[in-house]
Amino acid sequence: MSSPTSASSAATPRLRRNTMLWALLAMALFLVSTLLGLFLRLFQGNSFPAVEPVWFYSALTLHALIMVGAWFLGSMAGVHYLLSRYVRPSSAISELAMGGSVVGVVLISISTLLGKFGVGWYFLFPLPLYPNGAWSPWATIVFFAGLAILAVFWLAWVLDLLRAIARRYSLSMALGWHILRGAKEPEVPPLVLITTVSLVVVTAALVAAALVLALFVLHGSGRANVDALLMKNLTFLFGHIIVNITLYLGVAILYELLPAFAGRPWKTSWLVAFAWNAVLLLVLFAYLHHLYMDFAQPRWVQVVGQTASYFLSLPAAAVSVFGSLALIYRSGFRWTMASRLLVCGVLGWVIGGIAAVVDATVAVNSVFHNTLWVPAHFHTYYLMGVVLMVLAFFDHLSRELTGSDTDVPAAGWILSLLLLGGYGFLAMFYYGGATSVPRRFATYPEETLQGVIQARVAAAFVVLLLAALVIYLSRMAARCLRAFALCRNAS
Amino acid sequence: MIPQYKALLAFLIITAAATATFLWVTRNTANKERLNPEAVSKLRSRFAITCALLLIAALALTLPHLPYPRGSEIPDKVVFVAAKQFAFGLSEAPIASDAQWEAASQGPAVRIPANRLVEFRVTSLDVNHGFGVYSPGGTLLAQTQAMPGYVNRLRLRLQNPGRYPVLCLELCGMEHHSMRGIFEVFATGKE
Amino acid sequence: MTFPRIAACLAAGAAALWGQSPAGSLNQPPNEDLYLYHSVPDILVRPAGKPAMPLSELWRERPLLITMVFTRCAGVCYPFLRSLRTATESAGKPPSGYGILVLSFDSRDTASDMKAAAAGIGARADEGWIFATAAEESVRRLAEATGFWFRWDGERRQFDHPAVLLAVKHGRLVRLFTGGRIPAESLGAILRDLAGGFVPSYPLADKTSFRCFQYNAATGSYSLDWGAVLLVLPGAAAFLAALLTFRPWRRKCARAPFQAA
């Protein structure tokens, strides 16, 4: 049986070491951010009556940015490692990106935790320029400096992966166009196809982020009066895509890892190639569902938004999910912690996707927009989706690199606890959305007091989730550290 | 049933079906078997087409219910709404200055006849806010963004008399959660 | 739509540009926002050379534009009427979907005065123009309900009054235009409103750079603006980045073969 990392001969010790370091960084950020999340739910459950709400909003901002950053980087690290079976991305750029990310995260932490900069991770124009006494201008500057650093270094990494793919594949090959024309040869692994699509799109997102920053500067310095509607479009073009693509990078990992556990190949078929090319076209328009409640967008734009959002679910989800299930059905599937996490991740992706399609309906969005339904759906495909997929990769790789191939005895229990904590916490979000509880409220007004109870129940589930995570991740971190040391000795 | 519950129900039903499928497949992974690739690809095409048809049906069912008003009806009343950190000013007269906003947000609640078409003209004097209209019982009824530089027109016909709170549905600063407005719907008697 | 008004207010930040009291502050034209969607009293009018009829007969079939004048006016009335006449030439003539009522608020005006006024601006009855008089009390009621006012200035021997155009649909005031002259675009926007065209949103003060969409009040349509270019820029940049990395134009015969390190 071929192991998912059987081509690890292609991976240099430096790449393995870097990947382990990325794993440790992502897990550490994940835990910190989950703790922040627990703080948020406890705050909404009125556990800290003496703490000023401004802390809620800065913690909210930091929680989301770290979560988005951690798993974008985690999935990039996974894709970078797996790509090395086929092409050779630069380890130096990845290390540079790590340095830049650390600096960026530190700056953003300073701005939010010391500067009380609490505008939400999407820093919607023009809120950062209206502190109303909550934060000082330096916090705004430090925050944007941190973001700019992240955008630049991430873009460098993204472009380098593209460059590596381009050294071996032509654009039409990497996008599987020959397969669309009916050819069978040469083979293009789904990993390469999905990664190419994702990286091209993420480039657009990072350029949009840079544009937002530039327009903020233009407006802040009084050189232009920037249109709030344009800024909102750009903000969500960037914000939606970066989250969406993190998911797709996780799916790229899935396509590469799952076959090893199933003992069946997962090739780029015509439908797979078609699906991901359709994603390339549609994903740039899906963000429009964030602007349904902006009546200033022309009606036809909203209709395009709903149509694009609906059909985006079809190629990626329907094709990939069906593919996953067909791959494991009666395959003699090897159930390990990693493969369980992968399958659970696919289920989380599906459930989050269904909730997303429901919310992407304009008529429904009218009563769901900016209620807890929104965090409900993206926490589902993030926490119970892509996070599990990337953790599966780290789990598998750290095992292979350290030669510890057997699961710990309590693995089943840990996973159950993880799922119970996770879905219990999510259920409160869904319930909150259905009962009109607004999102991003530090405390709830009398009309939506049900939110307080929901937050307390959710916090209890988060504690369960955290318990599972601490047990599971501490073992994994120890393995990663061992693997890191081994690779260091090897090089 | 309120639209929120309908959406929740649809979500739960589809999710249950998906989860059941997952459970069924994951319970059938042991007996190693060579699948007939043609049968798999046929099933896959069928599944994709079914999904596509379901999506098209959902589009056809929901797109006619866009919340954006059409002009065929003449509203019975206009209410001007100006949002500003951290209150909504609602008034029967246009709100063009901070002073007018203050008067509107602190004055008595605007009164609106029940069962009449009301047009809210919503704008913001500073950052983005969300004009979220709640029922007296705390159910979100409708919303539109309050965006600086734009006037969004939300049209509503409210049946039940009572005091309707307005909550802010776009993060707007440190007092976002306490930002609110209110209006009162009164019974018109004759209907 | 009232955006020019709110726009002016907000842009200048001027609190008291328009009076807030329905009576209207002295010498100010009525504020459209204060009368929007109000019912217009169904007064009796006497079209020149025809029997008297209620206004409801005029607005039953089609929307009605009402302007109030006096024939001895040496000020705003005739320029306004002429601009209205010109605007109808380009924005669509009255019989196609609406009528225009020119109502005298001066009790001295007679049917023949009104006929002369019609001839003076070249307005024809078969094109939907109606020149009429009404009882003094009726005129007062109409004026009060729409914010219109007129005062006799004994020194100038003229009425002091603003120039307004009321757009009425099914007896309700849908638009209220004020100004010395009416441009064709404004009339176009009013007619579009009357026809039931509607946009759920409209932009305020036009000091904004890079809008995504430019709203055209006359046609009621959106057109893409420079902001839309900025919006396509990320996608275009990504496309360009892909082209520059993959360079499909360089027809290399073989891609670098992959060697495991």
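A, B and C label the chains in the order they appear, each numbered from 1.
We adopt the following convention: a residue touches a chain if its C-beta (ideal position, glycine included) is under 8 Å from a C-beta of that chain, and two chains touch if they have at least 3 such contacts.
Keep in mind it's a predicted model, so treat the numbers as computed, not measured.
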Arrangement of touching chains [line / ring / star / complete / other]: complete
Most heavily contacting chain pair (counted by C-beta pairs in contact): A-B
Centre-most chain [mean C-alpha coordinates]: B
CA centroid of chain B to CA centroid of chain C, Å: 31
CA centroid of chain A to CA centroid of chain C, Å: 50
Computed distance of Cα centres, chain B from chain A, in Å: 26
Where chain B touches two or more other chains at once, by residue number: 68, 144, 149-150, 152-154
Sequence positions of chain A contacting 2 or more other chains: 227, 229, 294-296, 299
Contacts with two or more other chains, residues of chain C listed in rising order: 200-203, 208
Chain B residues touching chain A - in the complex, by the definition given at the top: 2-5, 7-8, 10-11, 14-15, 18-19, 21-22, 25-26, 28-33, 35, 40-41, 43-45, 47-48, 51-52, 55, 58-59, 62-63, 65-68, 85-86, 126-128, 130, 132, 134, 138-145, 147-150, 152-154, 165, 167-178, 180
Chain A residues touching chain C - in the complex, by the definition given at the top: 7, 9-12, 86-88, 159, 162-163, 166-172, 174, 200-201, 203-205, 207-208, 211, 215, 224-227, 229-230, 233-234, 237-238, 284, 294-299
In the complex with chain C, residue positions of chain B that touch it: 68-72, 74-78, 80, 93-94, 96-97, 99-100, 119, 123, 125, 144, 149-154
Interface residues, chain C side, partner chain B - complex: 2-3, 5-6, 9-10, 13-15, 17-18, 20, 31, 33-34, 36-37, 169-170, 172, 174, 193, 196-205, 208
Touch list for chain A against partner chain B, complex: 52-54, 57, 118-120, 124-127, 130-132, 134, 227-229, 232, 263, 269, 271, 293-296, 299, 302-303, 306-307, 310-311, 313-314, 318-319, 322-323, 325-326, 328-333, 335, 343, 346-347, 350-351, 354-355, 357-358, 361-364, 366-371, 430, 433-436, 438, 440-445, 447-448, 450
